[in-house]
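In the two complexes below, subunit A is the common chain; its partner is subunit B in one and subunit C in the other.
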Partner chain A sequence: MAKVAPRVAHSCLLLLAVSVLSFALLSAAPGNFFDELRLNPSISPETVAALKAQYGVDQPWPARYFHWLSSIVHGEFGYSLSYHCSVGSLLWPRARNTLLLTSLAMLFAWMLAIPWGIVEAVKPNSWLNHFTSWLTSILLGIPELVLGLLLLFFAARTSWVPTGGMFSSNPASASASWKLADLARHLILPVAALVLGSAPIFVRYVRSAVAEVWGAPFIEHTRGLGIPTVRLLYRHALPVAANSLISVFGFSLGALLSTSLVIEVVLSWPGLGPLALEALLSRDIYVVMAVVLLSSVFLVLGNLVADLLLYWSDPRIRTV
Partner chain B sequence: MAVEGTAASNNAPPLLRVEDLCLAYEGDHALRRVRTKTIALQDVSLELCSGQTLALVGPSGSGKSSLARCLVLLERPSSGRILYQGQDILQLPRDAEKAVRQELHLVFQDSAAALNPRLTVQELVAEPLLIHRSMFPGVNFNEKVRELLDQVELGKTWHARRPLELSGGQRQRVAIARGLALRPKILVLDEALSSLDLSAQAQLADLLLDLQERHALSYLYVTHDLRMARALADEVAVLEAGRIVQSGLPAEVLTPSLQPVS
Partner chain C sequence: MTMNANWRTFTLLALLGMHLILFFPGFFAPYDFAQQHRDFPFARPTRIHFVDATGKLHLRPFVHPLVPSDEASDSYAEDLRQTCSLRLFVSGAPYQVLGLWTMKLHLVGVDPPAQLFLFGTDSFGRDELSRMLYGGRISLIAGMLAAVAALGVGTLLGLLSGFYGGGLDAGVMRVAELFLALPWLYLLFAVRAILPLNIKTTDAFLLLVAVVGLVGWARPARLVRGIVLSAKEKNFVLAAKAMGATDTHLLRRHILPETYGVLLTTAALLVPQFILAEVTLSFLGLGVGEPIPSWGNLLAELQQYSVLTSYWWMYLPAVALVLLFLLYHSASSALQQKTTEVRT
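What follows is the complex of A and B.
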């Protein structure tokens, strides 16, 4: 606890700094939400000025920042000018959808990458390794957008899985299990896109971490004592290789909210991606700020989780 | 050229006999599509008798460590034979090879890299015992670990520490205790004292001599330190560019004229 408290305090300060900087930069950018209204000849400049005053847009940015900060305390995260509701009520359902998608994708990506990376590290010259290295290189070379479009094309041609959205237009009387199955079917495409995009990166991390340890003298020394290969891997190589992988895992946790933005837009997943894109285009500043802050919170939490996992898993860190 | 002095004089069969051992490393050329070949060992022959120390000296890159790794089966030689107690260990089936590996143990130069940094001294020494528990029926493993660490004179205060909390000399003691756990017949000491300061070297050399006497151990002592070779070895072989160029008793081989070569 004594080691966690300073980290949490440090993280809060970091988040505060991120929020100030983001708010200042967004406010400094030319134009605002009401600029489009000004182009409409049927709306008088007085009306636009009145609207600006009503929503506090005419105030200097520090005043607006503190107002926004106080709204966070109430869970509102400011007011969305596009949707005419508090950002909080807009944000949470979208964030939940994004988290559902990215958590599943991360889980599958790591489940795939760990054994794959280990096999590549331990059997570097096998035909399987050559084939998988080739496959990961190709997947790494395909941009996420192209991957999403390819999967969309595949789904549209085969009709095996839904091409977008989160639920079919189902009858109200549909059972919970039917709804769950429907959700699972809608998840297949975006999860597949995210797994194909991120698993090759994780495979490379796992392979390089395990290969480095697998060639270390202590592994040779231990092997010389007749320790079986499986035990050598699980008792010696993997725990030592785990440190760098835990850091990558923390980073992937931190990217949970931001990693799927492109795929959400391409595959019409009702998450934070489309919301953030629309808010950016319409300069709905408080929605953008809320998405930025939430992403920062996840990044900080991911790092904190990684640190705690390292502390728990490595006895050398505990004894420092 | 073979080192056969002690075996011949005692008329006892050698514990380890190496015959015409060759080792070449092959790899791909960095720029062209050709295979490169580096010869590390060429027709190396030597003998090691029970309870004796053979020092293998030579300049860096002469193939000393490659030979040491071949002897403990960490490298597969290109050709030649390694006869341990009369059996060619390169031709053994997997199970028999495993059993032989336990009797030939390598102690590395860099003890910090040779021990798992996450395990404590106790865990490091206990592991081979636990894996080969069938060799120790009815033995209390905690007692056995304590006994092994006592043998290498590592005090109780250090038993719960991890390798990086120990000095170089202490780590080598742990590596030796770990090796002794499986009751080996031969310890291959690959520059095992080289990274230590003079006082730690002297202490460890005394310990090695003491253990040799107690357990009738044979040592293949790989070193470039002629002073240490003279102090520990019963016989010396000089390795140069992968070949044994000279061998015999320390007093015959380790003459002042050899100093600049090695």
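What follows is the complex of A and C.
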């Protein structure tokens, strides 16, 4: 426990610093929502000034920062100027969708990568291995943007899976199980794009982690004792290899969130990505800031979870 | 992946060749990137023939001129009565080489009245191959300049913080941690939000490079710092120090050379990553805009459903992007292999 508390405190401080950074960046932005209102001849300058006073835009930035921070504590994240509602109410459904997409993608990518990487590590010179290592190299070279476009093309041509969105525009009377199946069908394309994009990287890490352990003297020794290969793998090698893979899980979250942003836009998944893009284009700065901050919360939390997992799984870290 | 020496040489040569082509798009592109053939929007890639309508074999490949057909706006028929030969090293639309002098020589061309659209045309009837080559130059140079910026800033900060340690080190590393606590694309969004939305395309290009470079300094800084920490304890550095070498001399002559291997490998990783950053931003409409082509805004046309489903040749810029990425990836693993071989 003595190790956990400072680690959590560190994450909190980091998030606070990120909030200052993102606020400072966006306060420095030239032109804001009100400048565009001012260009509109049907809105009088007095109205604009009154609106500015109402939202506290005319105050110095430290005052605005603390105002913003207190609204985050209330779960509002400031006020969206183009949607006319609190940012929180926009953010939560979108964040839920992004989390659903990325956590499913993460799960499937690891489920694919672990057996694949193990096979590559344990049987390094089989023909299968040569084939799969070429396949991972090629997949690594295809950016997710292109993967998304290719999958979109495939979906549009075959119409086997929906090309975008999250639900079909069907009657509200549809049963819950039908809705769930509909959601699953809409998830196929974005999840596939994210899995194909991230699994090859994981395969490489799994392979090198397992290969390193597999050649270690203690494995040779245990094999000499007559332990069968499968048990050797699961009971002796994988727990040791898991160590570095947990760290990979932590830092791969950031990359996954970034690629998810692109995939969400390409495949029109109603997550944080399209929200951030629209907000950026309409200069709705509180929304941009909230999305940036939230993405950082996900990343920092992911790293924290990875560290705690490491602490749990590795006695060496626990006792030092 | 392990590679033999031949394969390594091949990769590096192919990468070099691709850079040459993309640095001199004017010579390899048959047309200017902005030249519109208004009669031929969305023309398919031009067919190249050897045998004409009468069954006669031509040794020099030729094409038939296109005539718009009546059925649909994007379907064309070949005028079989005319054959127009392909020729090498023809004179065509003038272009600038490295912004210094003007040339008219193109690698391939076709006799009039035919047109040569090797990769088809876009909605304005602009030659997709030419746009892809010019767009590649923009994307590649953006990626390379951004990598130079990120590596420059990262190396400087990494050297100083590793060498001097103390408060400077703590400060720099905390800020680096801050930059790594944001997913890079979201960070790019935040930094992009500082800049005005509607800017001239040339300014947009430079700003893009600055933004991408600014966002990417943290990882190289950490790498370089790690090397400096171990290098400054090495005997030859200590010896030089004992002989009274100044800090700048130590950093420049003894410690910096230790980082070259890692810098080169990192560069080979960063350039494709930053090309992708440019492509992503331009794809989303936040980077380089029309009429200047970049791989990002060429792919952005695929966001229209009709383009996506009907005109497969609009995907060809993506093929070039993937090819460049694959070459960079194998070059970086070749470099990595080389540096570990040298070290051991």
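Following the convention adopted for this analysis, the second predicted complex is superposed on the first by the 299 of 320 C-alpha atoms of A that agree within 3 Å, B and C clash if a C-alpha of one lies under 4 Å from a C-alpha of the other, contacts with A are read in each partner's own complex, and residues count from 1 in each chain.
Here is the rule we go by: a residue touches a chain if its C-beta (ideal position, glycine included) is under 8 Å from a C-beta of that chain, and two chains touch if they have at least 3 such contacts.
Predicted model only: the values in this text are computed from it and were never measured.
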Review point. Does the superposition put A:L301 against subunit B (first), subunit C (second), both, or neither?
Key: neither
Check your understanding: Who contacts more of subunit A, subunit B or subunit C?
Key -> C
Check your understanding: Where does A:L69 make contact in the superposed view: on subunit B (first), on subunit C (second), on both, or on neither?
Key -> neither
Check your understanding: Should A:I227 be classified as contacting the first partner (subunit B), the second (subunit C), both, or neither?
Key -> first
Exercise for review: In the overlay, answer first, second, both or neither for which of subunit B and subunit C A:P217 touches.
Suggested key: first
Review point. Given the touch rule stated above, what does A:P239 touch, subunit B (first), subunit C (second), both, or neither?
Key: first
Practice item. Take the contacts of subunit A with subunit B and those with subunit C, and give the residues found in both. Key: none
Exercise for review: Over in the complex, which subunit A residues touch subunit C? Could you list them?
Suggested key: 14-15, 17-18, 21-22, 25-26, 28-31, 133, 137-138, 140-143, 145-146, 149-150, 152-153, 156-157, 253-255, 257-259, 261-262, 265-266, 276-277, 280-281, 283, 285, 288-289, 291-292, 295-296, 298-300
Practice item. Could you pull out which subunit A residues touch subunit B in their complex? Key: 216-218, 220-228, 231, 235-236, 239-240, 314-316, 319
**Study point:** Residues of subunit B defined as touching subunit A within the complex
**Key:** 72-74, 98, 101-102, 105-106, 108, 110, 113-118, 127-128, 131-132, 162, 164-165, 175, 178-179, 181-182
**Study point:** Contact set on subunit C toward subunit A in their complex
**Key:** 1, 174, 177-178, 180-187, 189-197, 276, 279-280, 283-286, 299, 302-303, 305, 308-309, 315, 318, 321-322, 325-326, 329-330
